[in-house]
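In the two complexes that follow, subunit A is the common piece, with subunit B as its partner first and subunit C second.
Let's turn to the complex of A and B:
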């Protein structure tokens, strides 16, 4: 492998990182919003969200990415590849994140909510000042776990032509005729990224346990 | 002819794609289950020298995306003069990858396994293999069934990755149909429906297993 191969690999890694990063940021926020809507139990919306979460958990990312990218033009939308990829990853991860946030909400201590009510806090202030900071800490291990699942699923976006860290190995071996070295380097890069997340998860779990006791 | 009618006339392609996906899924998940059980047995401690490399291998697999393992088998192995076709490298990658996840799930349950049972079995003169197959494995599999069910759904979703290494399966069928007739929306809705139906059925089966294991007393250990 020469210098240009290394450069291509790093560019692929960067594509994977930024697309995953944007999807994670969108997915965590959208998951929180969906969880709050589900907790409010609005009649028809609730059923639609249950259906969405069930569907999104069962749909493979590859199929979802192809579906979004190929069927967007028939609705008159011209999606960029990257936007379609981000949309597929976000739709998938939002469903999982919504469940994580919802379980954090449901396990929140009742005493604290009652105390906040007794102190005259409105529901919104209770949520923002009392619940959200603690929910963030308790659901962080689950969220980070979901982030590493997202990175492990991110090669799916290669199917719509995005040159990510997995796809770029094909491009390199098309020139060098040696597929093994770039694939091994890509393996090492993925391991580094996900190893970082696993380490962060351990740290977050430690903090969450300290809060629980 | 409406788009749905076109799809209905092409139902054979969907059906063969679905059967091919289920074939890949069934074969690789069975192999993965055997691999997971085998790894659990090796981690029992009868061969202490194997324990550390095996755990490094399991953790390494869990840090890799599935597709890169499939690439490794499909594009990487020919460097060692081992040529697998796309189908076999897909099944092999799925089996090894999910086998490691199964092993990790089993290992987590093994840590909380009551040591009293193992001691009692030893006192009754059970050999290691017999103790493993009669006592440890059935209880651990039954205890971990919600996690196993989740992992099965992940395995089903991972079969779709194989379209990238040119395996003919359900997603590939939708892709080629949408290319031929230019009806991507309907084709993919049908395919997503297939995947959804399979995972709903798997969830129901796992729930039924819960009833069975409550009856056999696996849940109150």
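Let's turn to the complex of A and C:
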């Protein structure tokens, strides 16, 4: 592998990281909002969300990305490829994140909530000051897990022409006919990205434990 | 005001949900395929909006590939010529082969500027410009594998081929050739793209890989100590640019462009440069029907 191959790999890694990063940020927030809406159990809206969550969890990422990209002209949309890719990843991860948030919410201790109510907190203050910080800590392992799944599933968006890390290995081996070296480098780069996530998780947990004691 | 219910919500009814989800997706898919042809732009629309949008590939040497981060290959040079020739802008997007033709047929792009082989299935959706390369199919084997000398030797051997490709759809021709000689097809392994198939051939997981004339020549020239060209496994075939059937004026325009390239001798120059030969025997007219293709390629119905 020459210098330009390394440069292509790093550019591909950057594409993977920024597209996954945007999707993770959108997906974690949207997942929380969806979980809250589902907990409020608004008729019709609730059923629609249940349908969305089961659809998104059952659809392979490649299919979802292709469907969004290919159906865009039919709806008269001029969708940018990066936007279509982020949309596919976000739609997918939001569904999983919503379930993680919802389970953290449902398992939240009733005693604390009653204590907050007794202290005169409004439901919003209770949620923001008492529940959310603890829900974040309990959801963190699940959320980080889902983030690493998203990064590892991100090569799916290459199908609509986004040149992510895995696609770059393909481009390099198409010329050299030696796929192994670029794939090994790509593996190391993926491991580095996911290692960063796990490290951040540990950092956050340390901090939370310090605050809790 | 937000409610915080503590009671357990009803469990999901997964089977019925999955069925609904599937039905919904199917309806959406069929709707999108029904209305697809309305969106590919023909020449008048291209001229009025000022640009033609084409899709090209990134890992099909020597037609389209990436070297040192830049697009290279026969079609990259042809695109350059087209940009000089056309009085509208030509916008290019690079896509993997898997979704490329679907993206053109649904109108995401006006045409595919790729090394696309002509097939019956594709001719029902696309017209093709006059062929610019031969696509007779050949077996590729490992160097020093003496067990493969002729078509008859391919009987029962494991082969690799690209999924969704013309090479795959013309496998029955090889099966027929093998049957006539008392042999049979071995296991067929489908790959998303060729680099993986070549890697598996090199490491012995496959006995041979089927690819068309031009890429076979390129591969064998670049890795002469690993791969060797085997016997031909199909009748004549053509490589050209697919244009949706709904854009006949664009087809006429591209036909004129190719004629211009032939007259100036530039086409032969580029063919020599990228394919190693100029294929002087190829037909000059665009391919518009299955019957026409069969007659030209000498295929029996």
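The criterion applied here is as follows: the second predicted complex is superposed on the first by the 194 of 213 C-alpha atoms of A that agree within 3 Å, B and C clash if a C-alpha of one lies under 4 Å from a C-alpha of the other, contacts with A are read in each partner's own complex, and residues count from 1 in each chain.
One rule holds in what follows: a contact is a pair of C-beta atoms (placed from the backbone, for glycine too) under 8 Å apart; a residue touches a chain by one contact, two chains touch by 3 or more.
What you see is a predicted model; the values in this text were computed from it and never measured.
Aligning the shared subunit A places subunit B and subunit C in steric conflict. Of the two partner chains placed by the overlay, only subunit C lies in contact with A:113; subunit B stays clear of it. In the superposition on chain A, contact is made by A:66 with both subunit B and subunit C. Applying the stated contact rule after C-alpha superposition, one finds that A:194 touches subunit B and leaves subunit C untouched.
In the superposed model, A:186 makes contact with subunit B only, not with subunit C. After overlaying the two complexes on the shared chain, residue contacts for A:159 are found with subunit B and with subunit C alike. Of the two partner chains placed by superposition, A:101 touches none, neither subunit B nor subunit C. Of the two partner chains placed by the overlay, only subunit C lies in contact with A:175; subunit B stays clear of it. In the superposition on chain A, contact of A:54 is made with both subunit B and subunit C. Shared-chain residue A:40: touches subunit C; no touch with subunit B. Put simply, of the subunit C stretches 114-122, 186-194 or 276-284, the part that bumps into subunit B is 186-194. Within subunit A, the residues touched by subunit B in the first complex and by subunit C in the second are 54-55, 58-59, 66-67, 70-71, 74, 158-159, 170, 173, 178-180. Contact residues on subunit A toward subunit B in their complex (touch as defined above): 54-55, 57-64, 66-67, 70-71, 74-75, 151-156, 158-159, 166, 169-170, 173, 178-180, 183-184, 186-187, 190-191, 194-195, 198.
Looking at the complex, you find that subunit A touches subunit C at residues 2, 4, 7-8, 11, 36, 38-41, 50-51, 54-55, 58-59, 66-67, 69-74, 81, 106, 110, 113, 123-124, 126-127, 158-161, 163, 167, 170-175, 177-180.
Subunit B makes touch with subunit A in their complex at residues 60, 63-68, 71-72, 75-76, 78-79, 153, 156-161, 163-164, 170-171, 174-175, 178, 184-185, 188-189, 191-192, 195-196, 198-200. Only residues 1-6, 8-9, 12, 14, 17-18, 20-21, 24-25, 28-29, 31-32, 35-36, 39, 58-61, 65-69, 93-96, 98-99, 102-103, 106-108, 193-196, 198-199, 219, 222-223, 226 of subunit C touch subunit A when the two sit together in their complex.
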